[in-house]
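Both complexes shown next keep chain A, but they swap its partner, so chain B is in the first and chain C is in the second.
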Partner chain A sequence: MAEVTALDPKKFKEAVKDKSNARLKMWLEICAHCGLCADTCHFYLANDKDPEMIPAVKGRKVLEALRKKDKIDEEFLEDFYWTIYGECTMCRRCTMFCPFGIDIATITSTGRGLCVSQGKVPENLKKTIASYYEHGNQMEITQEEWIDTLQWMEEELQEELPGATIPIDKKGAKVLYTVNAREPKFYPMDISQVARVFYLAGEDWTMSSKGWDDTNLAMFAGDLKAAAYISQLVRDAAEELEVRRVAITE
Partner chain B sequence: MSLYELLRGPLLWLAFGVFIGGMVVRIILFFTLSTKKDKPIYRFFSWKWLWLSIFHWIVPLNQTAKKNPITTTVGFLFHICLLVTPLFLLAHGVLWYESWDISWWSLPESTADYMTLIIIGCGIFLALRRIFLPYVRVVTTAADYLLLGVTLAPFVTGYLAYHQYFDYNTVLLLHMFFGELMLVVIPFTKLSHFLMFFFSRAVTGMEFGRRRAPSW
Partner chain C sequence: MGRDHKFQVVHSVTLFAEYLREGRLKLDKSVFAEERCTYQDPCNVSRNGGCGKDAREIIGYLCEDFVEMEPYGDYNFCCGGGGGAIPMAGPFRERRLRSGKVKAEQIRATGASICITPCHNCYDQIRDLNKEYELGIKVLSFKEMFEEALIIPEELKAQEEDEDEE
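So, the complex of A and B:
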């Protein structure tokens, strides 16, 4: 459920202006409404071929939103929100099958960005984005907990492989290894498994005490400002540690 | 000035002016806006993926064509005849020769006649698709029928004029009017895809190409 917030037509209009780029305008105008995208969409196929589920309908709704600007109303926004979050996973399959190559995923992302301007973001996603701002990761893990986890995993690893380490903030290492915040939270063993591989391969690597979460869930909210902030955290860590490469968990 | 002279002269100039000028403006707007707001296009620009993307869709070398053989066949026939017939029609060639003293190869008259019928037949198929397929009907607006009508009108009237059905002079004037109307609406409607197709295919081809995932 999204939080109920007051409508802000002015902000919506600004978001429309900000998000209207050349590709979006072109795509929404040239769509020939041919319907060839229909059976490329899993929402359409999984809902007994409900025509309202085809990708082109989602594109049309974004076009309507762009045209409404500050004439936006609650009812439209509510329906728009459910379509844009509930009926598209931004998988881009329809893009591959569209004769014009119209990228509905990007269009959906724009639609979500418009919802962001109204604070209309699924509550869990909102919390997650707040966590990135507060803790630098999506799972509300404090820096202390993070370092503790790494040290604990290092101890476990050393019982098996004496001499193996999980280096933290090693300046000038070749590789900075980043993880999904779910790993320290729920599957810390994953980190020691990777450390084992790095150790046995003789790799010069390090982990960072900050900017270590490589997920970017703000991207799924079309919140590009937050998404850029999150990416920047990892980039900053890489530059500070003067590593040559950033490796990302699978 | 008679209605014929008006349609043959100033209005034709106007139609070509709006058509060409409109498309030039569309392209300028695309470049001015995209250089500011669509940076990924230029950052990951690739001639290779641009041409591969256009090539696989300008000929039916893609999954969509394989999955929809009938619609693909109709679509290609429609577009080929639509472009070739007016450009290589003998009667049009004569007009160009009279006005500008230039001439080029033209189609045998009977071939052009059949091609016109193919366009009309394909147009009817596309309209029926819109009416009977729920997933096409759902995205169909009045504009889609109108534009299909505007596209077919010059061919229907051209066919009637060639065979001199009904009153020849009236049909001819209508033919000229609809032809000019079609040119005029192109830059402002989805018909602009005749050119924007290449831009759209290019940006998506490059976007998928940089991930080594061909978009066809």
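So, the complex of A and C:
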């Protein structure tokens, strides 16, 4: 993957314009810096109550970034990058305690989107996004490997439950089950375990040969264009198979 | 945006709770009777997904000795592995493990031997925290526990090949 890209102030300004909606501005301007969010954040508590870790302070950095527009500089962006990717998991716990209900997760996601405009995204997330585009999942699993894994897990399960199956592309099934691509990669037994549940519950279910990864790391990366593409993959599978429900894995 | 979904999106936790409620699955509660269990609410399953109640319903069928973390449910803390923190890896790993200190302390305070969590991010993070903070617990998903506790009707089981020896 590409190394750190050169600063592109024009693109940064465009991203600011694109991201600046009324809701976001209202949140950033209404924050009274009351500090109630401080003790709600696991980063703040785990880092000896470092004031830099207070959610409102992180939100303030996003406000600063939005105000910089094309006056963005390397030093600011570097610090911003570590805060926005490394010091907020967008868990929304702070929002539960904010008197105004300010959604820091959305503010963080906006900040990440600004970084995306500069190509400044953690390398490993970039790799997963490329993999979604190439293979339809975050783990570079080919369709052949996916089908092989499903068949292998079906055989494993049948040793104990001869009637159990892992249906693939069963049109009109009630439930389409989708997984985290880490399952076929690192935890294939998850698949036989869920097949056992469906078999014993008498569920009419199926897996899909494509659009089967329900993770969306582009959403976490702040790359909303890629995120929309990835969610469309699952949606297409669900519509093609005419299922009533799409179940997402544990 | 703007298009109607022809399908409903449902989390496994809600689906599993339905099966148990409707009597479609039966669990043997004695399997984990000797273990104290606690539950990690994944942010996007409980707080942001609204499935916290369904998870407790499953636990009611599965665990004899269940202790909540403090706080729990919608107010539970993030494990530190969310928002893409696990796959970011590399230089982000150290920050992730440090931020998980809050979760590690919450788990330790329950005295639990099993931490259940229905999220792969939480699962991987808590397994790392288990080592980093020496919690001495087992981290399990619901379906892993089901594998051991589901009651399987005799007629569905494979016939033992050496049965005729008995």
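Keep in mind that, in the parts below, the second predicted complex is superposed on the first by the 247 of 250 C-alpha atoms of A that agree within 3 Å, B and C clash if a C-alpha of one lies under 4 Å from a C-alpha of the other, contacts with A are read in each partner's own complex, and residues count from 1 in each chain.
One rule holds in what follows: contacts are C-beta pairs under 8 Å (C-beta built on N, C-alpha and C of every residue); 3 or more make two chains touch, one makes a residue touch a chain.
Note that the structure is predicted; figures quoted are calculated from it, not measured.
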{"item": "Which superposed partner A:12 touches (first chain B, second chain C, both, neither)", "value": "neither"}
{"item": "Chain B versus chain C as contact partner of A:85, first or second or both or neither", "value": "second"}
{"item": "First (chain B), second (chain C), both or neither touched by A:175", "value": "second"}
{"item": "More chain A residues in contact - chain B or chain C", "value": "C"}
{"item": "Chain B versus chain C as contact partner of A:96, first or second or both or neither", "value": "both"}
{"item": "Chain B versus chain C as contact partner of A:212, first or second or both or neither", "value": "neither"}
{"item": "First, second, both or neither for A:29, with chain B first and chain C second", "value": "first"}
{"item": "Chain B versus chain C as contact partner of A:245, first or second or both or neither", "value": "second"}
{"item": "Common interface residues of chain A - those touching chain B in one complex and chain C in the other", "value": "96"}
{"item": "In the complex with chain A, residue positions of chain C that touch it", "value": "5-13, 15-16, 19, 24-25, 43, 47-48, 74-78, 80-85, 87-92, 95, 98-103, 117-120, 123-124, 141-144, 146-147, 150, 152, 156-158"}
{"item": "Of all residues in chain A, those that touch chain C in their complex", "value": "42-43, 45-47, 85-93, 96, 105, 108, 122-125, 128, 138, 158-163, 175-176, 180, 182-183, 187, 190, 193-194, 196-197, 199-203, 217, 220-221, 235, 238-239, 242-250"}
{"item": "Chain A contact footprint on chain B (complex, rising order)", "value": "29-31, 33-34, 37-38, 41, 53, 57, 62-64, 67-68, 71, 129-130, 133-141, 144, 189-190, 192-193, 196-197, 199-201, 203-205, 207-208, 213, 215-216"}
{"item": "Touching residues (chain side chain A, partner chain B) in the complex", "value": "20-23, 25-27, 29-36, 38-39, 44, 49, 51-52, 54, 56-57, 60, 95-103"}
